[in-house]
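All remarks here apply to the structure that follows.
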Amino acid sequence: MSDPVVLLTDFGSGDTYAGALIGACWRVDPTLRVVTATHGVPPGDVLAGAYHLKASALAFPRGSVFCAVVDPGVGSERRVLAVDTGEVRCVAPDNGLLSYLWSEADSTMRRCAAVAVPAGASPTFHGRDVFAPAAARLAAGADLDDIGEPGAPPMLLDVAFARRDDAALLGRVAAVDHFGNAITTVRLADLGGARLTGARWDGGGTDSVVRTYAEIGDGLAVLVGSAGHVEVAARGRPGRCLGGPEAGAAVRVLLA
Amino acid sequence: MSDPVVLLTDFGSGDTYAGALIGACWRVDPTLRVVTATHGVPPGDVLAGAYHLKASALAFPRGSVFCAVVDPGVGSERRVLAVDTGEVRCVAPDNGLLSYLWSEADSTMRRCAAVAVPAGASPTFHGRDVFAPAAARLAAGADLDDIGEPGAPPMLLDVAFARRDDAALLGRVAAVDHFGNAITTVRLADLGGARLTGARWDGGGTDSVVRTYAEIGDGLAVLVGSAGHVEVAARGRPGRCLGGPEAGAAVRVLLA
Amino acid sequence: MSDPVVLLTDFGSGDTYAGALIGACWRVDPTLRVVTATHGVPPGDVLAGAYHLKASALAFPRGSVFCAVVDPGVGSERRVLAVDTGEVRCVAPDNGLLSYLWSEADSTMRRCAAVAVPAGASPTFHGRDVFAPAAARLAAGADLDDIGEPGAPPMLLDVAFARRDDAALLGRVAAVDHFGNAITTVRLADLGGARLTGARWDGGGTDSVVRTYAEIGDGLAVLVGSAGHVEVAARGRPGRCLGGPEAGAAVRVLLA
């Protein structure tokens, strides 16, 4: 059984763009398994996409091939990359979407190749005509070398990485999830062994630190979410209803 | 070919929580088929989830394994259950989500087991680390006894079951569907052979009873929907635009 | 490996109607692959559905079987059709949903059959009880003749086809996509070799014509989208924020 292709895009589910990626994979190999991580990345939001790509990759088996398309620059000169992290593989535009997947991979294992855009690709839909076919070829057994030329590593988004500032980490909200939890760019690994004691943002803050949603009382709390990022959460309603930070907001994570 | 795993959650489709369940199943057995019933149960709405779980189970083949996660109590002490109804199997939190699936099953066939939470499970994401792996094991061939200890039956939600009151049944709106139809907790079987003659709710009512949406005129009507529940519907627009009942509203179903 | 069933509906993803179609296919043949093109066609919008059906069919391999359900007339006397275009097959209500798929197919290859509604089908859910089972039978190897009687061709929506008016084509917005691009009924083929020079609609217009989204500046532009339809687009935000046309609006596409 070949490895699966896992789709992650900002296409939404109201159009047929997302479905077209399945068709495009099957035009390469009709026996491939193609499933969806999400098509709900906010349109053009590369930082949120980078977070969701990492979170998905944590859940899927070794060898899975992600086809990640959050690509506001379709039609411009940005490169198309195929990377192998040693755990998963991914085809994506070189615009920062690979920030976490690449930077958190074992540097002795990771590889990067630049994929050529095929003649005849629609100038408006590289997902269907470039990314999905390349991902399908990897899933069907091709090596990175078979689908592109070894190239410079992916660009990384500065904003994806928290900065240490005294007894705090300065990050921002990478994504607000369906339940209203504000997931920040601050990672457990960034804490360097320090203890989480709270968070501050423009207009609000909390000193409540918990392990599970069930422990949150009536207010806001910080916890480490299931992909290892610090988040600001409330229980039974979106955090913003209680003054929690919005998508993109700067967040100061307090340490002790 | 093994039985499929069918996912039903309140995770939405804008995050990678839903996709992570597929990955988690494939970490148990990469050959499993994993598909989605819905990820659109309103966040934390156990009653709506119970209805959707029953409606889905009606459509899937015998042997299908549901992984149902509407779990506002993740991290608390609620049990994790695996049930076999004789028709389908389901892994779910013990919070009422199994109300219809269990209570409508043949009582001589149904079985219930309590699943242990594995050490190392994320305290915030039992879907990925507890429910999906257990469902995957069932689909891959395990028996209920292999994944848990026989236990007390699931808790049932009182509110899921209509109450007889003279020539009426008192229920409530369990779910409002995508077309705006208000699906109640009142079931065809609850009518006990009586004839449906209308419905009343706070601020409105209708005496129009129809068999199909096409028969509804300009107003509201009641009909028995495709999963056997009485619903209040309009044609070509949401019923609430005409004063129909909202999600959760009490509804008095009139009989003759 | 049998051909896949591809689902395209206006069911949304918040209910279990969409998932029920997978179950219904598997009741015919549990080995079938069933995937989603979209469930996000606006409720009852047959024109948008016709566009999305065509756009999806372009992406999937020859032999794929679409199950297309945008069916405001469920329960009425509209026919249930199964068509074979020579490229793909499709089961759909005879209400105009097949307008593009049928009219753009090779007329020497295309075939149409009328499918009988099985006794016992739910009067409110033909998707589960009529369309999906018929599509599943086609995917499992049945011929059109095995599932219905050869019949009159599908009805076509007048509104789906642009009309020539001097140096312009008069069409309308068939669908507004997730990114806010207004996709019109005007097709590249309708231009008859003329050159696209702009577009006008009630309250607005643009003379900017581009090839890719990346070339769009701060305003609105027209381009030919990935399914060959003229669209009015903006970059990085929905076109309507800049006065672009809404769903259903009449659009005059200018030629030179």
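For clarity, chains are labelled A, B and C in written order, and residue numbers in each chain start from 1.
The criterion applied here is as follows: contacts are C-beta pairs under 8 Å (C-beta built on N, C-alpha and C of every residue); 3 or more make two chains touch, one makes a residue touch a chain.
These numbers were taken from a predicted model, which means no experiment stands behind them.
Student: Name the graph shape formed by the protein chains and their touching pairs; answer line, ring, star, complete or other.
Tutor: The chain contacts form a complete graph, every chain touching every other.
Student: Tell me the angle, as a multiple of 5 degrees, of the rotation that maps chain B onto chain C over the C-alpha atoms.
Tutor: Between chain B and chain C the superposing rotation measures out at 120 degrees.
Student: In whole angstrom, how far does the Cα centroid of chain A sit from the Cα centroid of chain C?
Tutor: Here the centre of chain C sits 31 Å away from the centre of chain A.
Student: What residues in chain B touch two or more of the other chains?
Tutor: Answer for chain B, listing residues that touch two or more other chains: 13.
Student: Give the list of chain B residues in touch with chain C in this complex.
Tutor: 1, 4, 6, 8, 13, 35-41, 52, 55-56, 58-61, 64, 175, 177-179, 211-215, 223, 225-226, 235-236
Student: Would you tell me which residues of chain C are touching chain B in their complex?
Tutor: 10-24, 26-27, 30-31, 34, 43-44, 72-76, 122-125, 128
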